[in-house]
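Next come two complexes, and both contain chain A; in the first it sits with chain B, in the second with chain C.
And now, the complex of A and B:
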């Protein structure tokens, strides 16, 4: 088999905010003809930069310095002439980006956008049908905003395959989509490969997404490939501690509910320290002295062991395969979490949240006199006992976030009522970064919450220091602004603000959906700890069934503004009664437990 | 994955950025230093001026470089350097006053409209539209003509038509900040309405307002000079850049320096303030 793309010793450094950093540090990789290669890594691992480098589209504003080669066909995408690169992009490459709304032209009809690549409307129509768009002729003349997210991604796919590319690069094509649509898009990628015979590079932060359709998986860490091999091998017999960590911190429907979620060790080393030796050594539980000194080469994992069957499987680690796999088996069990207060223990008579007959109707102003009414909530009844944790699951548009916002007092109730227990509700938002006022310091933000207590200066400072410490942040954080914090730290600050005066009810609106898996797990651990230590009721909104099961004693499934199913968490997951719950469950990408 | 939304104002890019980050910063700082010197000169113009600007003290129409009169004298023997210095003082501080008044009036109206929304917003914005629809310069001229020709009335006339621009921009910024998640978060956290406006919204608007205002100073310098050229400034013999150019225009071919030097002063003022606006913009964009 020939390779459609060959990456050799690729090194890329980019300037961000005036600082030059090495984003890719020696990547060797081939994409074979007709294969789907999954490229997995956390944010900052360099996987998107690798995709841009393969397309010859590194942003000039970041003043890229590139070493090594990227060959697509006979063309060097690093040193080639601009017109050569354009020809390759036109003839050999197809691209699918994360957000089709921003990568499609909003002022052009979608058909015309496909025509730009095919120069033939009949062919465009055929492609639209081929990528699974029903009524292609009808949808040929609509604008991108008139289509759903899944359909837009299909249009992108039609454009991507229009030039009969030998390689499609899909950069997080499913991240912005609901789980049921995600499954469709992944199927689509596989069908494109089968039908058009092209290779696909699937870039994703979620190992399970890659595992669903990829033939091989490359795990990236800090600009290098940590491990590369057939999907089955990577998922079931990982040989790099980082892959093991990623797999273990991934939440699945089988993750034990009564134990702490496993997380990767937080990064403690400075950027300079990380550049010496193996980039992962400062977080690696198996690190030995050599790891901090010398960079391990990417070598076949099969060497000297019988446990790994394939010679295709390569890894960059000084420890032996048996050491890594032995560690995997030794430490699968996490410590149990403190028992949550049994529901109703604190105040059995009075529910913490009582919602009766709640409806919310938004009136959207259209152009001119048109007014459109959107029924976001259509009659919600929900009672949550004090100390209980309830997860609300649903896809975008189900009304789950609106429900939370009505409880928080941020959105109006059209009819019905919401009653809250005495200490009221506090909320943690999806995007912690933007929920913190950018020009205020963490201290300012927390002091504001403490104002009603009328504490003196010293007492306020003490309270803030204690709360930050309890949540795992150093007290010095209080002098920093949100932009100076990492994503995980910002979410912790948001949690501190919500709980520095413990509320009766903590509302969580997808607080972890923007975080990497391991970071998300640590935030979920924290919320569970806070719940038991502060005796709070928790309402947790999420689109992820695995997270819902872990965070709620009870799971409530919402769609189209109504509750369709509600019950004890494991019962809902194991024996869903409503059709919609079943379709949600069927779409969850699962990779099974480590063997 | 997704980058967090940019904090603060609209992003601007200065052409100087291509010279490299530091060159852009250094150039901007240099321009601001020059503006600072200009302000000091304007402030101490009375002390710096060698002669009384309205008294004829020398020979008529002396060329620049003449002894005791580095910029020469005009047709009745007044010292041009002294007149230009005082003219710069009047022009510069008048411009700052106009821009400050625009910022204050427009800011109040814009913040009120943006924060209250609903009918308050609608009423304030229609009122603003009304002023935007009027030809500003003509209304200013009409006001001056009605109130009488002097500097104070000119300033009132311009101030009356100058704020709507600021009201519009500031209202838009307030609205966009009010819709940000951090404002909702502050509401849930129990911050009062006043507190939300002054702690969580207005500070975000300030950079845009400052950049808008500093880019606007040059416009005001030119407008004031223009009105003064048309005779809508202080009555003679008060030294004023526009008026000095206009009154001595007949000497352009014989004694060119008499009308040209005050005109050059206007050019320098407006150029410096425009560059200053760009510099403020560059430095603020860098800070974020």
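And now, the complex of A and C:
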């Protein structure tokens, strides 16, 4: 079998925010003809930079320095002439990016955008049909904003397969899409491979997504490959502690609800220390002295075999395979979380949140046509007992975020009413980065919340220090600005802001969907602990059924502005009543229970 | 799209009516008796009373406004107290000179602005040598630029004239450069263009920077957009990427700024016309204000306001044409 792409010793350093850092540190990789290769890693692992380097499209504004080679056909994408690289991109490569909304030109009809690659409208129409777009002729002349997310990603796929490429690079093609659409796009990628005979590099942060369609999986960590092998092997017999950690911290529909979620250890090593030895050593429960000083090479996982086979499983770790796999079978039990206050006990008292007959209608002003009305909420009745945790699940456009915003008083109720008991509600948003004022320090942000209490300076400082400590942040962060914090730290600050004066009701709008799996798990742990320690009612909005089941005593399923199902969390997941809940459940990517 | 044009035109008409009402009210409440201004300080009370009746100034205010509008629609803007000619006739003789100056200047501004934006955004070599001096010039107020220009190019170097249009304004259309091109007089083209050059460039500098900076930042944003990366991944040449994907998506803010600046330029022309003795409406206005020649002031204001409103309507329509999402 021939290789369609060969990456040798690839090193890339980029300048970000004025600091040059090594993003890829020696990648060796071959993409075989006709295979789907999953590239898995958390944000910052370098997987997207690898994709850009393979296309020869590293952003010049980041002043890239590149070493090594990327061979596609006869062309070296690192050192080739610009016109050679363009020829390869035209003839050999197809690309699907993360967000089809921003990746398609908004002012150009989609047909014309496909034509740019095919130079033939008849061929473009044929491709649109091939990627599963019904009524291709009708859709040919629309603009991207007139299509749904799934259709847009199919347009991207049609562009990608134009010109019969030998390799399609798909960079997080499903991340910006709803779960039901996600499953369709993954199916589409597999069909494209089968029908057009091309190889696919599927880049994703979610091991389960890769596991669904990839033949081989490469796990990346800090700019290097940690482990690479057939999907079955990686999922069921991982040999690198990081892969093991990823698999164990992944949330599934079977994750025990009454225990703390497993998380990877937080990073404690400095950037320089990480570069010296194995980059994972400070987080690795199995690290030995050697791990901190010497970088492990990528070597066959099967001990004693040296020959190269097509199903080779390679790993970069100093510890032996049996040590790592021995650890896998250890200590699956996690400590239980503090018992949540029983929600049944307070039935007699007034509910914390009482919503009756709530509708919300937004009027959109059109430039050309008449005003359009969007019915975001169509008659919601919901009662949440004090101390109860309720998860609200739905896809984008279901009205779940609007419901939360109405409860918080951030959006208007058209009819119906919302009653809140006690000390009011506080909200935590999805993107902590943009929900914290960038020019205020963490201390300023928290002081602002404390102002109504009229505490003196010392008491305020004490209160801020205590709250930060309770949430797992050192007191020193109070002098930093949000941009100086990591994504997980920012979300913790947002949580501190919401709980420094404990509200009766904590409203969470997808607080973890922008975070890596392990960080997300730690934030979820934190919210659950805060709920019991501060005696709060929690309303948790998410698109992820596994998260909904873990965070709520009760799960409420929403679609098109109405509640279609509501019940005890496990009951809804195990025995869904409504058609829509079932279709959601069927779309959740699962990798099965880890043995 | 068609509905949008219709709506936008409708709102422009409403704006024009509001503008006319404002002008009328200003005229009505302004101190100074127009009749005295018209007849002179020594007119007899009887003559004044008769003239008041004749001008309809004794009628109630709303009736006066209706008459004002009716006259407007017939092209009657009243008589100038100063020149004793109909304001419309005055405008007809002064407006072409201003239009020629401002439109020429606007073209210069857009060219300089685009050059400023593109040289900056594409990091063209030597671009800073062009942008630096331009920024420096834009920091000076127009009258200073005008005086500096006259001192340098007229008094010192003697290469450009300092005043007037070079020929008599009473040419067939009033657009003297155009006339000399139509009638095929190379000498006249050179002469009139020379006269146009200095005031035109002086008027263009500040708008050029405004347009250039806005355009540059939207170019920068567009160049780093995901769909530009998609276009690059198709293997298109850099020029094709620029032409097909960048220009249309980054033109919007530049368009609105250009429209805004065109409006400002009609207002800013007053100073420049005075310094260069340019026989346009700016000069006409400058002569009318000190003597409270209200019909003339109202006429010029109406023309400037109309230009402003029409320009903005055109810009809005162009923006929707460039970005289909705005029409949704």
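Here, the second predicted complex is superposed on the first by the 580 of 595 C-alpha atoms of A that agree within 3 Å, B and C clash if a C-alpha of one lies under 4 Å from a C-alpha of the other, contacts with A are read in each partner's own complex, and residues count from 1 in each chain.
The working rule: a contact is a pair of C-beta atoms (placed from the backbone, for glycine too) under 8 Å apart; a residue touches a chain by one contact, two chains touch by 3 or more.
Keep in mind that what you see is a predicted model, and the values were worked out from it rather than measured.
Chemist: Under the superposition described at the top, does placing chain B and chain C together on chain A give a clash or a fit?
Modeler: With chain A as the common anchor, chain B and chain C collide in the superposed model.
Chemist: Between chain B and chain C, whom does A:408 touch in the aligned arrangement: first, second, both, or neither?
Modeler: Once the two structures are laid over each other on A, A:408 reaches chain B alone.
Chemist: Going by the contact rule set out at the top, does A:435 touch chain B (first), chain C (second), both, or neither?
Modeler: Touch partner of A:435: chain B, not chain C.
Chemist: Could you look at A:427 and tell me whether it touches chain B, chain C, both or neither (first, second, both, neither)?
Modeler: After superposing on A, A:427 lies in contact with chain B but is clear of chain C.
Chemist: Clash with chain C: which of chain B's stretches 19-27, 91-99 or 217-225?
Modeler: Among 19-27, 91-99 or 217-225, only one stretch of chain B overlaps chain C, namely 217-225.
Chemist: Considering only the contact definition stated at the top, list the common interface residues of chain A for chain B and chain C.
Modeler: none
Chemist: In the complex, go through chain C and note every residue touching chain A.
Modeler: 1, 3-4, 7, 224-227, 229-237, 244-245, 248-249, 320, 322-328
Chemist: Flag every residue of chain A that touches chain B in the complex, lowest number first.
Modeler: Going through chain A, the ones touching chain B are 18, 43, 98, 172, 175, 205, 408-410, 425-427, 429, 431, 433-440, 444, 448-449, 452, 483, 494, 497-498, 514.
Chemist: Please give the residue numbers of chain A that touch chain C in the complex, ascending.
Modeler: These residues of chain A touch chain C: 55, 57, 59, 61, 85-91, 93, 95, 97, 99, 102-108, 116-117, 143, 145-146, 156, 159, 366-369.
Chemist: Quick one: which bits of chain B touch chain A in the complex? Just the residue numbers, please.
Modeler: 1-2, 4-5, 7-8, 21, 180-182, 184-191, 195, 199-200, 203-204
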